[in-house]
Every structure is written in structure tokens, then in C-alpha cells.
Amino acid sequence: MEFEESGIGEECGVFGCVAAGEWPTQLEVAQVLTLGLVALQHRGQESAGIVTSNGASPPTYTAHKGMGLVSTAFSPEALTKLRYGNLGICHTRYSTTGISELQNCQPFVVDTLHGKIAVAHNGELVNAHALRKKVMRHGVGLSTSSDSELITQLLALTPPMEELDSPDWVARIKNLMTETPTSYSLLVMFKDVIYAVRDPYGNRPLCIGQLVPISKLHSPAGAQEEDTEGWVVSSESCSFQSIGAKYYREVLPGEIVQISRHGVKSLSVVSRPEGDLPAFCIFEYVYFARPDSIFEGQMVYTVRQRCGRQLAIESPTNADIVSTVPESATPAALGYAEQSGLPYIEVLCKNRYVGRTFIQPNTRLRQLGVAKKFGALTDNFAGKRVVLIDDSIVRGNTISPIIKLLKEAGAKEVHIRVASPPIRFPCYMGINIPTKEELIANKPEFQDIAGYIGADSVKYLTVEGLVSAVQEGIAFHNEKDKMNSNNKSDRKVGHCTACLTGKYPVELEW
Amino acid sequence: MEFEESGIGEECGVFGCVAAGEWPTQLEVAQVLTLGLVALQHRGQESAGIVTSNGASPPTYTAHKGMGLVSTAFSPEALTKLRYGNLGICHTRYSTTGISELQNCQPFVVDTLHGKIAVAHNGELVNAHALRKKVMRHGVGLSTSSDSELITQLLALTPPMEELDSPDWVARIKNLMTETPTSYSLLVMFKDVIYAVRDPYGNRPLCIGQLVPISKLHSPAGAQEEDTEGWVVSSESCSFQSIGAKYYREVLPGEIVQISRHGVKSLSVVSRPEGDLPAFCIFEYVYFARPDSIFEGQMVYTVRQRCGRQLAIESPTNADIVSTVPESATPAALGYAEQSGLPYIEVLCKNRYVGRTFIQPNTRLRQLGVAKKFGALTDNFAGKRVVLIDDSIVRGNTISPIIKLLKEAGAKEVHIRVASPPIRFPCYMGINIPTKEELIANKPEFQDIAGYIGADSVKYLTVEGLVSAVQEGIAFHNEKDKMNSNNKSDRKVGHCTACLTGKYPVELEW
Amino acid sequence: MEFEESGIGEECGVFGCVAAGEWPTQLEVAQVLTLGLVALQHRGQESAGIVTSNGASPPTYTAHKGMGLVSTAFSPEALTKLRYGNLGICHTRYSTTGISELQNCQPFVVDTLHGKIAVAHNGELVNAHALRKKVMRHGVGLSTSSDSELITQLLALTPPMEELDSPDWVARIKNLMTETPTSYSLLVMFKDVIYAVRDPYGNRPLCIGQLVPISKLHSPAGAQEEDTEGWVVSSESCSFQSIGAKYYREVLPGEIVQISRHGVKSLSVVSRPEGDLPAFCIFEYVYFARPDSIFEGQMVYTVRQRCGRQLAIESPTNADIVSTVPESATPAALGYAEQSGLPYIEVLCKNRYVGRTFIQPNTRLRQLGVAKKFGALTDNFAGKRVVLIDDSIVRGNTISPIIKLLKEAGAKEVHIRVASPPIRFPCYMGINIPTKEELIANKPEFQDIAGYIGADSVKYLTVEGLVSAVQEGIAFHNEKDKMNSNNKSDRKVGHCTACLTGKYPVELEW
Amino acid sequence: MEFEESGIGEECGVFGCVAAGEWPTQLEVAQVLTLGLVALQHRGQESAGIVTSNGASPPTYTAHKGMGLVSTAFSPEALTKLRYGNLGICHTRYSTTGISELQNCQPFVVDTLHGKIAVAHNGELVNAHALRKKVMRHGVGLSTSSDSELITQLLALTPPMEELDSPDWVARIKNLMTETPTSYSLLVMFKDVIYAVRDPYGNRPLCIGQLVPISKLHSPAGAQEEDTEGWVVSSESCSFQSIGAKYYREVLPGEIVQISRHGVKSLSVVSRPEGDLPAFCIFEYVYFARPDSIFEGQMVYTVRQRCGRQLAIESPTNADIVSTVPESATPAALGYAEQSGLPYIEVLCKNRYVGRTFIQPNTRLRQLGVAKKFGALTDNFAGKRVVLIDDSIVRGNTISPIIKLLKEAGAKEVHIRVASPPIRFPCYMGINIPTKEELIANKPEFQDIAGYIGADSVKYLTVEGLVSAVQEGIAFHNEKDKMNSNNKSDRKVGHCTACLTGKYPVELEW
């Protein structure tokens, strides 16, 4: 919950779709893109953009971008404009830098010597500063501060610079991957192909789905190859349900996958430095992803539940009931309740209409703080000792009014159990975390965190507990089988816990 | 859940506020009104309006109305315009008639021989048609189809018609109440007073809150009389938490309460025909109200939980897990789980960004239906027998795709348990229910409802079960003590179950 | 020019259209109404509204209203909504009272015992205050401060109040006309008929046009009766050109004309008190109307030219060139030039994009005043003595920066000649004129008006000169011949000059 | 008039402002920029943009861009955001390519190795295609199709590429000017300086103004150096009046002028190939510029008047009156009238509210065509032989309905006299002229143009007549004296008449 209130967030969601078979097909690509994007809306609400291509030679690209939610940014007219596409990519953006302008909206479309490419990405290049200098030293002016423009210019300037009938975009993408190790999940559209790319550390998620006739969506026999109506690629698999796609597989760390009307083909896997493990962001499990998404063969909801169980094992509580700060902490709370044997009881009711209020701050009502968003279900907890599960604590100033609300409404005790470890370090790979100084875990008050936030006790999940809760259910088998290339190397397991431990997957250059 | 999908809804929410003490006070009435309205947003999302009064003689009224959510309809500029008010009333509207226009927005402000009055109401006059004719026969033209305009004109035309220094609005309100028995909860603002009125049957809710300093909001000693910063009146008490108000009491059926800077005063209680019981809408408990609201001394959440328990007693199931169609059915599901001893497990994840989609209907994706809104938490139920609790079934066409989704994702059995009885009759008192023919309970298919919707079994709560779940927790004591008049008659208990039984509280005239 | 800058303006424009022949016809009534309204836009830019009727029994009315220019207020969607109308009326509004809200937009649609009527009017009831009291004493609440609502309620409340198959609206309109002598040009739509009404003094204009096939629009033979595609009624005939209509005739003072699919029929002429002359607003000629409109058989442009000639006769000037403050004074300037023999030379160029600037006032640039709107055509007048014609001077503070601009750019002398007399009195009949105190002609500075505004000399047209310039070209013959009733009384000539002379057409009651 | 209707237009207007003296100063640069832009609105209504710089090291740039008119694109909030600038440049755009998107809005801001620059330009690079290839071959991706982005990338990539404290932007601009001969008037802002540049052929206009206290604006003594409040640079001098600036001088063909808080300094004049004359666009005189603008020492209005006189000499007419198609042809019409001795009489009245109508085309009303925009002042010309002056004829399909309108309203004869020669060739230097095939002068119908458009006769001004009318009043003396450099070469006279003669100032490469 604190994450939501702290303005912390994932940088973006990316989504792409290619209609299968001979074009034009029946598949309404623009609709699939829009609905796919809506399903990734939790990854970014600042702006949204779609670019479709007719796949012809030379291709015609159609773009529409807008500020705000997909439902605000896209009108029926915009969809009409986009509908003549046989493939397309799209993007929903969370502003990490505070510069919230239309020109930073993705996807970026750029005209190069070899034709137009469109790029959408999720992540943050750890060496962006050095790369910007490099590009500018080559004489390129950069019109935005976004990594996406930087990526497109890097793709454009790779030599040799001569007009070709079939430019080798894969070589250029590989070259880009040698220039920057992490963090990016990338979609590059050129003419009639989408290249789906994950950085060698696999820091950001990316997976592939198969569009089949709705009637065959859940058929036990499974859809046949010839049933395929198209392919989608997405930051999260939760989007597949909304559009009638079956989960196919993840893009592997370092992998470049080509998606075209002819199918899905793994082109290459760029390797990490010897000895380095993958570094998939562990906070995708803890907070960012939608609970019905699947990463590394396991459902996010199940991982959160395991975190709750592990928390109950590590930090049992002498209490009457277990509850949740709705809605993100609920799986962990149910896990804690199950493990501890305490009953799961709801204590708070969320008002989903209280959003960003436009009311000015200098008022009596401000004192109510985040408690404005919640109604206390008094009868459920009056006189009781409550274990309240939250998914994370960042600054420590949003859980506090909730504890106060519960206590004043009659809770006998309020024990906070946090289903993740304390956040102590900034993220340089795409997550907007406050500066080290603002993190409660780095403040003197952390010594008496319970007193500071007004709880009777506060306990966090350990890093080891989190890692084991995440890793115990990983199952990769499907992915390997579906790689239609020879690079079927054994898949390693590893997660980025930098914000918890300070151990970054790569050395940071500035 | 079905209610939400069926476009069924409560007609409106009303809210008012008066600053206590000598004016101008510190209390920012326009802010309180706005936040109070946001907390009633679930009762109507079509339009919103606020009217404030400076309370002077003659008063200056300031009004702002707009289409859509409060956050859309009200800008900071609008709030600035309204801020010079010492009191005000507001309204959020659910369109029952399909005529969605700004001119139907409430509150209505009308200039009469005795000065301007502002009126906001929730409900539907059962004899509106006859009253319109009566008013028009008197020579009045009506510019809208709304009951609110009708009410204001009825208040205006009561004789005797001569200019007075102190017009007797209470007499006019009483006269109105003799003209129309139900259904209305009404706020009438005149100069420096708000009259809060419930119809004699108490069909729609209305309650009063006391604004105290935030610091004393939950103090065990309680706020003293002299601490009062103002008074609020609201369709539901859930709004009090958002603005820092304490629950004070309900307005009684038939009661006229005067709220002014000097306090709250019960002026009169208009009685029902002898032998008639009150008829508070039982669906406020079942579906409309927010779970943290209090009616008749009990929390709505608790009533829903009891409905779930009663349902488990009436219709036990041989199954593995109990779950909910999020979010409205959750209290009932938890009640059912507790009573039945089966574990409560979440099976569906809701995408809160999938709203009214602007995508045109003739597409492949339409077949997905309401399932687009949900992600299946497959690992939680694959291979299991699921009891799925829903709060109501109206047309029967929205639960069906969810059952299909669960089954195809691996549920062994899906048993539907509905925490309310079948709806068989239309409502003429403010709830937008489809015609009798459209209600699944009146169709031949209802004989095999389980087969029709694809469930393994379907059971409803009985009417008796619902009524007893509602009535067993009623506690009126507070209200009676706080009536500062002599009308402290014993309060009767009674609920309108017309949509379930066809027994309307009053005879319907057409 | 001063008029424009002074925020003075006409209250409104009204327009109506009925398709001829059997319905549905080919004529797109909603388009005709929209274009007609655009052509009356100079009479009001605050809001616009259209109501169409399908003419059935009972009729379905469709309304759309919006703030701002017609092009802002009406989208293609709005037109689509309105297009199923066979007839309709519309209105464009100039805010006289400063209360600029959507609810004051016309036309008003009101449901009465006899069905729905729609009303649009131009003018201001001189006895509005007394009539409001009367209506409210009858028990009617008024929801706006507009005369239009008052008119509809007056039409609604006329007894006898019983439901009738054919209510006598004409009797009700006549009754209204006995209650209020002036000022109104009124369109009342009921089912399949528009009643077009001018008050007995004919204070506001109203005329009728005939829609014919575009190909026959200017045919010398003229369109035949059977060619008629529809009828339009408008505040000004300038709108006819935009929609392909031929000028048919004026509605006479006091006349009620019925316009239906069957044609145009004069129903009645309500007479003035004996001895009273008509009082058509003389400022329609001076400033308000578009120059290509026709009143009383003569073109407005021609009248303005005559005013210029008369001014040259009354106030000749020893100068080199004659010029205009563009654009409204140009006909008078050309008239002055012709009469005086001096050359007509342009000295100012208008920037038509400088509108209401949103730039805050406390700046260096404010000193430029209205001169911001004009570019000086220096080469045309440097070293010359300029006669500058303006159509009127109201407060005297807008001509002043123009004179300064010309002088500083090199004009040797600037002589102001005003093509109308000084305004000394307020208007109570629909024109928004400042209070008496604000009028320059009532201030001490008027003694040395030339010095005050920085001119070398200032002369006004005399009242007698204006009246003779207006009346010498009047020609009524057409109208009389086309009255298909017996009331072919000789038409009298008379104009309201109240703002110049203080002689109001009727005694003012308060 | 035809130009306006034909969708032909100038590509853009540019404007810049620098506050003089020590910063921060009193001058509100953002206001000056906005008003300056409004005064150039006739040069482009598609989009508008402003970029301000605080002039610090490194500078902070603030940008705002929007679609539509300045008044639409800029809100008070946008101005507030921009107000901390000590200097700034802005741009109003006319869409030549039909791709109307926010990302094509100027000014462009680009981050380079040497810091951020902002660029606004008017014109079209004749060798844009080759330059795009060149830039892309260097490995740069281009995100728009606009020349402005191309110019910024060309400025950025000039070697040597190493970080410098004082990058030599002037050298880079000179380098750019050797790469592309025409057509551009360019503003480049870097930190605290604006470079104002005209291409060596001077194809597009650019001039400088001096901001002085309003009180000294027209003082005969003239403002002193020390009075200077700031400097402005503008496509046209007509903007100076709106902001209280004095005309200072033109930027010369090929000149680079540096404008800073310290004043105006000519840095360099890049020369044309030997023997080439300047090629200032002659249509700036004929149609594009506002009549009160000054080019080459003469007022545009005066040139148009001379064109009218010349036309009367070349093509006298046996007629009764001379008139204009308002408003652009009026100076020529007055010139014709004066030369011919025929009276100048207005025959058409323009409805300024009829803009781009949103009404769909397939209707009866379409037949009215452009005549919808005009009212006929019938009494002024009935029975008369009219000489109607227009400024240009492009496709020949818009003058035709006007002639029809006049004839049907009673004109005895209508003789068209066009104050410019027939347009026969496309423009590749920034003016959006239809393809050769669409130009009426290249069609067979041109043989009988009078018959084709329904006129009694049609005559055009000759190319020689136009050139002499333009060149006879040129006076350069001021400019030369104010060049504070040594490059005071004699200024040559020459104009681009390519669209009339096919003689382009430079050879066109493709």
C-alpha cells in the first residue's frame, strides 16, 4: 500500500501484436493492442501510445499518443485511424522523472537510412548518461530526456551506414546490447516484424502469448498451430486473458525473438559476463505485477501468499485476527492467516473514488491523510488484537494514519507485519524509489519503527525469506521447449534485490 | 456483481453541511461538501452538483454542476467559486431514465415568492405522474422530467401565496409529505437552514454527523457540544470518515430535522397510515450501500456477512473452497466460509481499469464478455470444487462467462450461492431494475438456472433468511435519545422487499 | 467601434425553420438551423441552442445547447442527434446580465398540461419584475433569471387549465401580449407549428424567408409556390443568403404568424394603445445588424451610408482624407467621403486574431489599450488632416488610443465624426448599455470631448439627422401584400430613440 | 481571396524577444512573445509554440506548444510556466504537408554535446531530401518530417565534436548556410543569445524591433539607446505595434545577427553565388503579409495599392463601379478606383463567423459554396457594371460562386481584374501551392477563363507590372546604417517570381 501512496512505480508496460497468416486478416490488431494496454495500465498511468504498421514495403506507420489513462488518451476516432495495421506495438508510461509531457510518450518512431523503426521499452539504461554523451559526441542532437530516444538513435547510428535492401536490425540490436547491459525489455518494430528483446540480466519481464479462436481458448485439446490468429508480446501475461490469448512462453534473459506473421522465432541469446546470474526484479513479485501474471512459471499471487506464510513462520504474533491493507497485501495476508491459524477478517473498506484530490493542502481535512481513503469496518475488530499485513513500507508515513484509524475505532492492538524486507537503496533500473535519505529504513526513527508509526510491533520479512518464497516455485520447462533455436542452454535462477541489499547486478557507471 | 454489470443502480446520494457557531467560521464548507460527495460516488456517477448559501438575508446562493464523476465535474476554480458558503447541499446522480443531461442535475435552485430554495433528493415519487398533472393543471410548466423539479414546484405552490418575512417552509414540507407517501430522502436549503426529511416509510436512508476537531475525532472522552465545528447530513455514514465527522444519528422515517448553525432539531414526524410498517429498502443492505455504512444501528458489512452465514445454513455445499466475485460479494463469501468451515480462497483478480470500453461491439473480443474484467488465479482452484458467492443475479448473463472462465481454467465444479433471493418485480421507488420480462427469475430458463448459466448448482438465499439476517442486528437506541422533540414514539422495524415479493409498501397509482 | 469595445450588445438572435410538404422531406432542417444561427452570431456569442421537433403527435423534441460560438457549442454528433426534426427553433445569446450559465441558454422547453412547447426570444420585457412577482404569487418557482422562462410560464399558466386536444396557443400568446407591451420577438414551437411573434411596438426585428431550390434562388422568374422547400424565420435577413432562402417579408409589429408545413399564415395583429407609433430600435440600423440585412424594405448598409452623408452635410470638415474605424463604420465613412468630396483612404488595419486576451492586466502592455488591435497604415496619412468616422461613442475611452496612435504615427489633425447622436440614457428593452453615469455624454468631460479624447474636433450626427436618414428609404409594400389575413391596416412608421432622447415607447413600471 | 479558400498559405511565422539590461528585468518576455505571435497568426493557424530561456549557464529552457490558434494553445497556466524567461523564441505554423501533429510543432529544442539549442524557422529547404539522406547516412534517426528537426541535427553534427566551454554556433550556422542556399528565416536560441538568420537569397522576411517605454513609443525625439527595454525579431513588422516596439531594421539576405541583452550585432553576411540577385518572395507583397507590415522600406499596403493602379493602367474597364472581394483585395481595389476614376463601392459583406464548417458535404447547402460567406449589398450594385478586384486566382473555383451571386442579385456586368499574374508553377520554398495540374492557368479552360468562371471579362496584372509596382518604392537606407559590422555592401534588389515564371532562384536538386 505504501508503494502506491509513495508515488513509487514501475516505469512502463509494453505490448505488441502481429496478426498471423496472409494479410489483411480478420484480426483487429488495434483493438487487441488497446485492450492489451488497458490490462497493463497498473504499470503506468501517465501516458499511452500505439503505433501500427501495415507491414508493406515501404511500410506505413500510424501513431496515436495521449496523456493519461488509455481510456482518456484513446478515442474511437484514434482507434479508427489505427485500424489498418497488421501489426503494432504500444506502451503505457509511468513518469519516473517528473517531466510529464507528450513528447516523452512512447513508442518512438524514427526515420533512418534503412526506413522507419518504432521502439517501445520498459526499464532504465544503467549507463544512460555515458551513452547520451557518446551519441551526442557523434553529432546527434537529442530532443528528449528519455531512454527510448537514446535507444532509437543508438540503433540508427551503428555502422556501416549505407542504404540496404535488408538492413540487419538484429546485428544492430545485438550491438546495442553490448553497449548497455541492463535494464530493458524492448519491442522494436520494423516493417512487418516485431523484435522482442530482454536485457541479458532479464531485469524486466516480457512474455509471449498466442491468439486463438475464443472458442478454443481453454479447450483441453489445446489450440493447434493452424488455429493461431496472431501473436502478442507483453510485459505481463495478465493481459492475455483480456484479449483471448494463451500464455506461450517468456522471452529469456538476453534473448532476441522475432515475431512475424509466420510465427515466433528465437534469433539469438546474448550472454551475461561469465559467472553473473540473471537479475529479474524481485519487486515485480512483491508489488508491481498484477497477481494473476505468471513469471518464471509461477503465478505472482502464489508467491505473495508464500511470502505471507514465510512471514508468519519468521514473525508469529500473539493476536486475534489477521487482516490486510487492501488490496495489494491481501494474498500475503491470506497466506499469513493460513500459516498462523488466525482468522482472516477484513478491517478496512477502500473508497475507490478517492483519487488524487484537487483540494488544496492547507485545510483541516489534510490531517485525515490517507485515512480518507478507507472506511473502518469497526464491528469486525473492536476490542481485538489485529495483525495487519502490508506489502512494503517505504517512507513510513502512510501506514501511520491507518494504524491510528484502527486504534481509535477500537482495535486493542495493531501489529504490523510487512511481506517484504526494508527498502534501503535506490534503484537505477527503472523503479522510481525515493532517495536513500527519504527511506524510513535509513532514518534514525527506524530504531523504533513501531513507536514511530504507532504500532504495537513491526516485523519485516527477511531477504532470505523473500528470496526463498520467490524461488521455490520456479518452473522453466515450457520456455526451453519452445525456443526454436539451438540456444537451449540451461536456464539459471537469480533475482535483483539491489534495493534491499545494495548489491546491484552490474557495476554502476556515472 | 451482476447488479453492477446490469446497469442497475441507486438513484442518488445527497449530502449537506452547515458550519456551527458564528459565521464566517473556519470550516471550509465547500471542501467538506466535495469530499462528502466523493464518498457517496458509488450511489451515482452520472452527474454532481453543489449549491452553497452564505446564509445572509436575502441569501446569495452559488451553484456548480457538472456531468460525470465529482473529480471531473469539479475543478479547483469551481471550488473557489463555492467557498464563500456557510452551508450547502449537494447531490450525485445515477441516471434512472436514460436522459442524461446537465439540466437534470441536482440540486435544483428555484426562486419563489418567499425567496430562493435549493432542493436535493434521493428516491422516486410513486405518484409522480399524478403530481405532475396536478402541478401542470395549476398552470405550471415543468422544464425537466425529474422529481426534484416537481418537488420544488410543489413546495412553491402551496397556498397561501403572499409575501411573508418568515415563510413557513416546514408547513409546506409537511404538505408535500401528505401529497406523496414515498420514496424520498430530501434536503431543502433555505437561507441559513437545511431541512433534512425522510418519507414516512423511511424508504431511502439519511443520517446526521457531527464535525469535530480531527484531534478529538476518536477521543474516548468524545467530543463535547462546544467542540462542534459543524453538522453534516448524508445518504450514508461512510462519508463521515472522509471528512472527520462522528456519526450522530439517523433521520427517522417521516421526520423533518432542521440543521442550522445553532444545532440539530427535530421539528416533526409525519406518520404513516395506521398499521403500516416502515419500508427501508432491503437492497441498501444487499448491494447499494458501502459496507462501512451504518443503517439502523448496524454495519452493512456485518449484515452481508450474516447473509453469507445464513446462506451456508440454508444451502450447504459439498465442495473444497469458498470464493467471491470481487468485490461486492466478499463479506458474504467470508460469512459463508466461516459458517461452512470451508477455506476462503480467492479465484478471481479484478482489473480495475477495464471500464466502459469504447470499443465497438462487432468483434471477436466481445465473446470474452465480462470475463475481460477478471484474471483467473488458476493455481488457487485448479482441480477443486468451488463455491462461488455472488450478491445477486438479475439477468443471469454476466455470471455465466465467469463460470466458464473458471471451469476452463480447471475448476472441477462451480456451485453458485447467491446471497439474496431472486429478483422478480420492478421497483417504483428509485432503483433502476429491468422490466419483469428481463429478469431471469421470471423466465422459463429459471427452471434450470444451473444449466442455463453453466453451474453445477445454484442456490439463492430465502426471503425469510434475508429478512432475518437484516433484522437480527438492528439497534435504534441512539437515535431516539437524540431526538430533541417530543415525538419519541417507539420505532418500528420493517423493510421493503417489493422487488422480491411484489408487496409494495403503498398501493401504486398510475 | 466603441460599441464593440464597450461590451454593449444586442441581447440575442432567434431563428426557426419548417420543412414544407409531406414529412419526412429531403430538407435537412438541423443544418439549416445551424447555418442560420451562424449567420446571426454577431447578435450574441455567449451561448447557442437548437431544439427540433419531429412534428408528430405527441411530438418528440430534441435539444442541444452549449456555451460559446455555434462552432464550439455544436459538434457533428450534436447535429446528428438533431437531424430527425421536421422543424425547429434556435437561439444565440448575448449575456446582458453577466450570469453566463448553460441553464440560461435558450430555447426553453417546458412541459405543460397541453404538451411541450419550446420558446426562443429576443428582447427584454419592460415589466419583467412585476410579471415575475405575479407568476410566483401564483405559486410557480422560477429556476432562472431569464425572461424566456418567465414567458414560458406565463404561456403555461393562462387559464382555463384543462386538458384539451387542441389547446389554443394563439389565445395564450395574445394574452401574454396584453400582459407585456414590449420588447420581444418571439418564436414558440408547438408540435408541428412555429408561431412567430413581434411585440406591438415592433421593437426587435423578425422576418420570414422562403427556402427554394438553390438553382431557382436568383432566377428572374422567381420561385413558384410549388417550389417551396421550407420556411425560415429570423431576426435578420442576412441569414437567408447562407442557407439559400429568398427574403419573403417582415413580421409586423404586434403580428402573430403561424408557420407550418402548409405555409405562412398571419393569424392576428395585436394593436398598440391608440396614438402610439411603432418603436423599432434605431440602433439596429446604427450598429447591431449586419449591413446586408433588410429592415422596413431597406438595406442597413444604405442607411449607414445615408447617415454618413447626412453627417457630412451637418458637420463638414476642412481636411485631406476621410477614413473609418474598421469595420462597422465603413459604410458611413464612404457616405461621408462621397458627400464631402474628400478621398476615402484607409488608415487602420485590424488584426482579427486579437480577441479577448487572457493576459493579466498589470503590465506594460496594457497601456497600449485597444491600439493593440490595429496597425497604422502610416504612409496613407502621414502629414495629413484625417476625418475619422466612428459609428458611436459610448464611454469615450476606446477611441482615444486610436487617435493617439494616428497622431504619433504622423497624422497632422484627427477630426472625429460620429455617425450617430450621443447616447445619454439606458435601454430597458434588451440592449446592454452602461449606467447613465458611465456614458461619456453625461459626464462633465463631455463639455470638451475633443480635448478629452485628444481629437482636433468632434461632431455627432443629430437625432433629427439620424431619424431622417433612417426613415427616408422605408418601403413596406411587399409585406402588406403578403399578409394572408384581413388586417391590412396601413403601416405606420416610428423608431425607438430612447437611449438618445429619453423618450421610451412605454411608461416604465418598476 | 482565392488564396484563402484554396488552402494555400505561408509556412510559418517566427518571433523572438530578448530583455535588455541586467537580468532579471521588468520586461515580461512571455507576454511579449505571446502577443507577438498573435500578430503573426495570419501566417499559420495550425499550431503555436514558445520556448523561453532563463539565460543562465547552463540555461533552463521552458517550452509550451499546442495545436490551433495561439489563444487556444496557450492558457494562463502556460504563460505562468513560461514567465521566468529573459529571452525566448516562438513560432506559429501553417501545415504544408497535411501532417498536423503536435510533434511537428516548433520551436524544436535539442540537447547537443554543447548544450541545448532551440530553433524556429520559416521556409522550406530546397534540398531537404538530400540533406535528410546525408544526416541519416551519418547515423542519425529523424523523428519528424519537418525541416526544423533537420536543421537542428545539421547544427548538432558539424564537427569537431568535443565538449567546449564556448561552442562556436556561428561557425555551425555558417556551415549550415553553405549546405543549403534557401529558403529559411531562422531563429536559433542558445543560452542567452538569439541568432537571427536569413538565407542568402532573403527568400523569407525577418526584421528587428526595439522595445521602448510605451510613453516614448512615438515621441518625435525618438527613444534613446538607454531607453531600450528589449529587442524583438519577427517575420513581419506588423507585430511591433501590438507590443509597443519601434521598427529597427531588416535582417539582410545572408546575414547572421546576434541579439542579446547587450544589443543587436551583425556577425556575418554569407554571400550568394556571384551574379545571383536576392529572391525575396513576391507573394509576401501580393497576399501573405499583413498590409501594415514593412518590407524593404515600404509598406505592403502601398505596394498593393500600386498593383491596383498598375492594373488599371494595363487593363482599364468600361464600367460603373470598382469593388473588392473583402478583405485582402481592398488596397488594390482602392488603387484601381483611384487610377481609373471609377467610384469605389462595396458589393459584398463578409460573415466572419463562417469558418470551417463541420457540416458534412452531401447536402443541398453545399451548392452555395463560398457564397455562404458573403452577403450581397444588392442596393449598391443592382443594374450596374462592376469591376471586381481579386488579389489572385489559383484554381478558379472560388471566384465563380461570387460572380454568380452578384449577377443573380442584379449586377449588369462583372469584370474580374486580378492584382497579380496567373500562377503557373509550384513553389518549393515554403508556400503550399497546388500541383501544376490543379492550377487554372495550366488548364485548357484558361483559354476562356471569363467563360469558365462566368465573368464578362478577366484580366491579370503582368509580371512586369507586378515587379515594377513592387520595386519602385524600395528604400534600404535605414538598414545599411544600422549594420554594426563592416559588411555594408550595397544592397541589391531582386524578387522570386518562380510561381509566375518558373525561374527558380537556385537549381532544384531532387
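Quick notes on this structure:
All chains are identified by letter, namely A, B, C and D, in their written order; residue positions are counted from 1 within each chain.
Rule of thumb we're sticking to: a contact is a pair of C-beta atoms (placed from the backbone, for glycine too) under 8 Å apart; a residue touches a chain by one contact, two chains touch by 3 or more.
Bear in mind that the values here come from a model prediction, so they are computed numbers and not experimental data.
Both copies, chain C and chain D, contribute mostly matching positions to the interface they share, with over half of the numbers common to the two.
Per-chain CA centroids place chain A at a distance of 49 Å from chain D. Between chain A and chain C, the centres computed from C-alpha atoms are 62 Å apart. The distance from the centre of chain C to the centre of chain D, each centre being the mean of the chain's C-alpha atoms, comes to 38 Å.
Not a single residue in chain D touches at least two other chains. The touch graph of the protein chains shown is a ring with every node of degree two. Of all residues in chain B, those touching chain C in their complex are 102-103, 108-113, 117, 132-133, 136-143, 145, 149, 152-153, 155-159, 161-162.
Contact residues of chain D toward chain C in the complex are 26-28, 31-32, 34-35, 38-39, 41-42, 69-71, 74-76, 79, 213-215, 217-219, 229, 238, 241-244, 290-293, 298-299, 301-302, 330-331, 334, 338, 343-346, 349, 351-355, 357-360, 363-365, 367-368, 371-372, 374-380, 404-405, 407-409.
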